[in-house]
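Both of the next two complexes hold chain A, though its partner changes from chain B to chain C.
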Partner chain A sequence: MTFLENWAEWLPHLLQGLGTSLLLTLCVAGIGFPLGLALALLSIAPVRIVRVLSIAFIEVFRGIPLLVVIFFAYFGFPDIGLVISAFATIVVAHSLNLGAYSSEVFRAGILHVGAGQREAASSLGLTPWHAFSRVVLPQALRAVPGPLMSFLIMVFQSTSLAFAIGVGEMTSQAFSIGSMTFDYLSVLVLAGIIYAVLCIASARIVARFEAKMRA
Partner chain B sequence: MNTEADISTLFQVIGTGLVVTIVMTVVSFCVGAVIAVPVALMRTSRTWLVRAPATAFIDVVRGIPTLVWLLIIFYGLGNIVSLDPLPAALIGLTLISSAYLAENFRAGIENVHTGQKEAAAALGLSSAHQFWRVIAPQAVNIAMPPSASYAVALLKDTAIAAIIGVTDIIFFAQQEVARGAPAVTAFLIAGGFYLIVSVPLSYFSRFVDHKIREKVVVV
Partner chain C sequence: MTFDNARILLQADSIEKTFRGNRVLDGISMDVHAGEVIALIGPSGAGKSTFLRCLNYLEQPTGGSLSLDGEPVFADPLKPAKSELLSLRRRVGMVFQTFNLFPHLSVIENITMAQRLNGLRSRADAEDYALQLLTQVGVQQKAKARPSECSGGQQQRIAIARALSQDPELMLFDEPTSALDPEVGNDVLKVMRDLAEAGTTMIVVTHEMRFAERVADRVLLLDEGHILEEGSPARVFRHPEHERTSRFLQAVLDR
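Up next, the complex of A and B:
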């Protein structure tokens, strides 16, 4: 039963790391989701060049691994005179990534609102901006919470990549305990259990929520 | 260190990782797909005792981040069987892709219209025949588009293997930066190499999606 004693000893460190993981998730969601909405709006903008540029941005960030973005920001930013903390680097890199991914969900939501709604709004004499902000957008946003919550779970898992640049989130904490005790297996398994429990539980909640939305 | 010659060397060095990246993607996708078939069959079983282990497998494998899996296999199991980085990464990525693909296959099987099964039963087909001749071919069509887009996600996930020392695209980019190459250039090149593979792959997955939408009505 020695490993259970060890687990009890390691748990506070891992939970401390978990706090950082969750904080990262919140920061990334706080910047990434609004960015995703902005990108979605730009990608259906009436001006062609705006559309092309924003779609290119989305495609590039969806096409390259998050880790490449993280390394680019971590090693590249200082070269161009931009020095930010490792934590901020993760938030910036991850938010760009999340923005590109979530823009598709926002865009699908906006396009899903029928043309009839737009026409009805404009025949009521609403200006295009009013028609969009008061009629189209509220309906579009009603369809997005489910998919966005699934993104949140993915973001939480990907915060483990912060390990690569030494931000002390849960995976880094587990690994540093492993490197001190040389017992990587049990501490990493413990961290894995914590990730799995949180992700499975939240996935269940999301599934229930989506079922309720559909009903 | 910014002359044209240096940049072309950088291209060559980072490009050597491309093969490893592609091998990891192809192997873990194909082997994962083979493992996913029995898992999906178990997952859709009506018997709880058969279904539960498959559900647990899918949930647990997908609930743990890729990096944590790779660290568990490479460092954690390292005390028991010492694996080289590449086999460790292949095992981890295959495990993960089998769970994701099993979930896609399950959705495929469950979304074949019940009328199809009833019609097959009414025609007097045995239950094995019902499954392999009627349900499975339609399930494959439904599962194909999400699986093709999963291939893109898997390609990007292979980058994580560089952390345990697999010599892929990003590994070489990092190595060149450590040797003094300009980081912005090196990681732009690395990103470019991923795009060379991922953009055609995602266009292909959209193409598959359109083709299949013409063919089946998904309920």
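Up next, the complex of A and C:
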């Protein structure tokens, strides 16, 4: 059973990469979700030009594959004098992608709050800002945790794309082990198992959470 | 009781509303005296709710003007300023058919929120007043509960307390019992009767003819966007001037 011995030897390296993957996920979520909420708010703003620009931004970053955005940032940022680490580049590119996608979830949550709630807030003489921040937004945010957690799982999986610009997350760790041992398949199977175990477990937690929210 | 000598609190002058070329309100004028209870009745589609919603500008009229206490509410009724809207809505309370309580807040927070945000009372005073209002409408035991843990009748009484928390000079009720079973609807009507007896100025869109007859000082029957019949309950219900009024009353009383 030599492959088990190999796995035991590789596991610490992969787990180290996993740490980077999780850190990336955390950073991307920390920037991407607030960006998504901001984009959702802008996309329903009363000023038309603001709406148009934010919707255009959302469509563009939903339309371009994440890997292309990553390369664009990686090669483009230095051209405009922005020199940041590969890690930071991934965080920026991935956050733009996540912001664009998650804005739809926030938007749906906001639009889901009924007209009666807005009217009740208006009829009490609340300012439009108070009506939004105290009545509409809190209710909108109660509808989003489930979908956002699903996004988080997808973000975690997509951190493997960081391999393309040499950030040492789990997939690139697997590759460097593969390049030394020429046993790519075996190490990728191990990495795949780690990804799958984490994602399946998280998905189950999300499903349970969503069932609880519905109850 | 007559209000001929009472102060005119609200004056609606030729209120019009057109939705996409469809004339829903055809220039309705009405004076409401302080302490008066007015029942708005009429067939569905007559424009009762639309008219009521024009009185606090949840619906912006396409013509006509409003005055409160003899002062115009808006410098330009077709271009209401934000401050004018806020001031109108803080002086006029509204109760909706579907309650529209805020589900993410507790019952007492539903009642304290606007008091605090509008700078009417401090947190402690707002809570004291909210409890007092909840006692008045008989739902004080639910203060800490969520609206979803209250029955429909309780929710509507809480909604009344919420509207009263702004110390409105005038209360609007938009079919407050239509979404309720008759027996719980009676609890709501009882609260409204108490308010009327305490001298609250009220305009009530309702299908409860018994309530209109017993509690209202004046009944307005709307039909096709204008006032068809107007007068004391006794006159409108027993001696209507128009054939259409008799037919409408016959139809609702037969139900």
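Methods note: the second predicted complex is superposed on the first by the 215 of 215 C-alpha atoms of A that agree within 3 Å, B and C clash if a C-alpha of one lies under 4 Å from a C-alpha of the other, contacts with A are read in each partner's own complex, and residues count from 1 in each chain.
Definition applied: contacts are C-beta pairs under 8 Å (C-beta built on N, C-alpha and C of every residue); 3 or more make two chains touch, one makes a residue touch a chain.
Treat the numbers as computed from the prediction; the structure is a model and nothing was measured.
Chemist: Between chain B and chain C, whom does A:S150 touch in the aligned arrangement: first, second, both, or neither?
Modeler: Neither partner.
Chemist: For A:V60, is the partner it touches chain B (first), chain C (second), both, or none of the two (neither)?
Modeler: A:V60 contacts chain B only, not chain C.
Chemist: With the two structures laid over each other on chain A, which partner does A:Q139 touch: chain B (first), chain C (second), both, or neither?
Modeler: In the superposition, A:Q139 contacts chain C only.
Chemist: Touch test for A:S160: chain B only (first), chain C only (second), both, or neither?
Modeler: In the superposition, A:S160 touches chain B alone.
Chemist: Output check: A:H130 vs chain B and chain C. Expected answer is one of first, second, both, neither. What do you get?
Modeler: Once the two structures are laid over each other on A, A:H130 reaches chain C alone.
Chemist: Is A:N6 touching the first partner chain B, the second partner chain C, both, or neither of them?
Modeler: The answer is neither, since A:N6 touches no partner chain.
Chemist: Residues of chain A touched by chain B versus by chain C: which partner has the larger set?
Modeler: Between chain B and chain C, B touches the greater number of residues in chain A.
Chemist: Figure out whether A:E119 sits in contact with chain B (first) or chain C (second), or with both, or with neither.
Modeler: second
Chemist: Provide the residue numbers of chain A that touch chain C in the complex, in ascending order.
Modeler: Contacts found on chain A: 116-117, 119-128, 130, 134-135, 138-139, 142.
Chemist: Within the complex, which stretch of chain A touches chain B?
Modeler: Within the complex, chain A contacts chain B at residues 59-60, 62-69, 71-72, 75-76, 78-80, 157-158, 160-161, 163-164, 171, 174-175, 178, 182-185, 188-189, 191-192, 195-200, 203.
Chemist: Given the complex with chain A, which residues does chain C contribute to the contact?
Modeler: Those in contact with chain A are residues 56, 58, 82, 86-87, 89-90, 92-94, 96, 98, 100-104, 113-114, 117-118, 159, 162-163, 166.
Chemist: For the complex, give me every residue of chain B touching chain A.
Modeler: Spelled out, the residues of chain B in touch with chain A are 59-60, 62-69, 71-72, 75-80, 152, 156-160, 162-163, 170, 173-174, 177, 182-184, 186-188, 190-191, 194-195, 198-199, 202.
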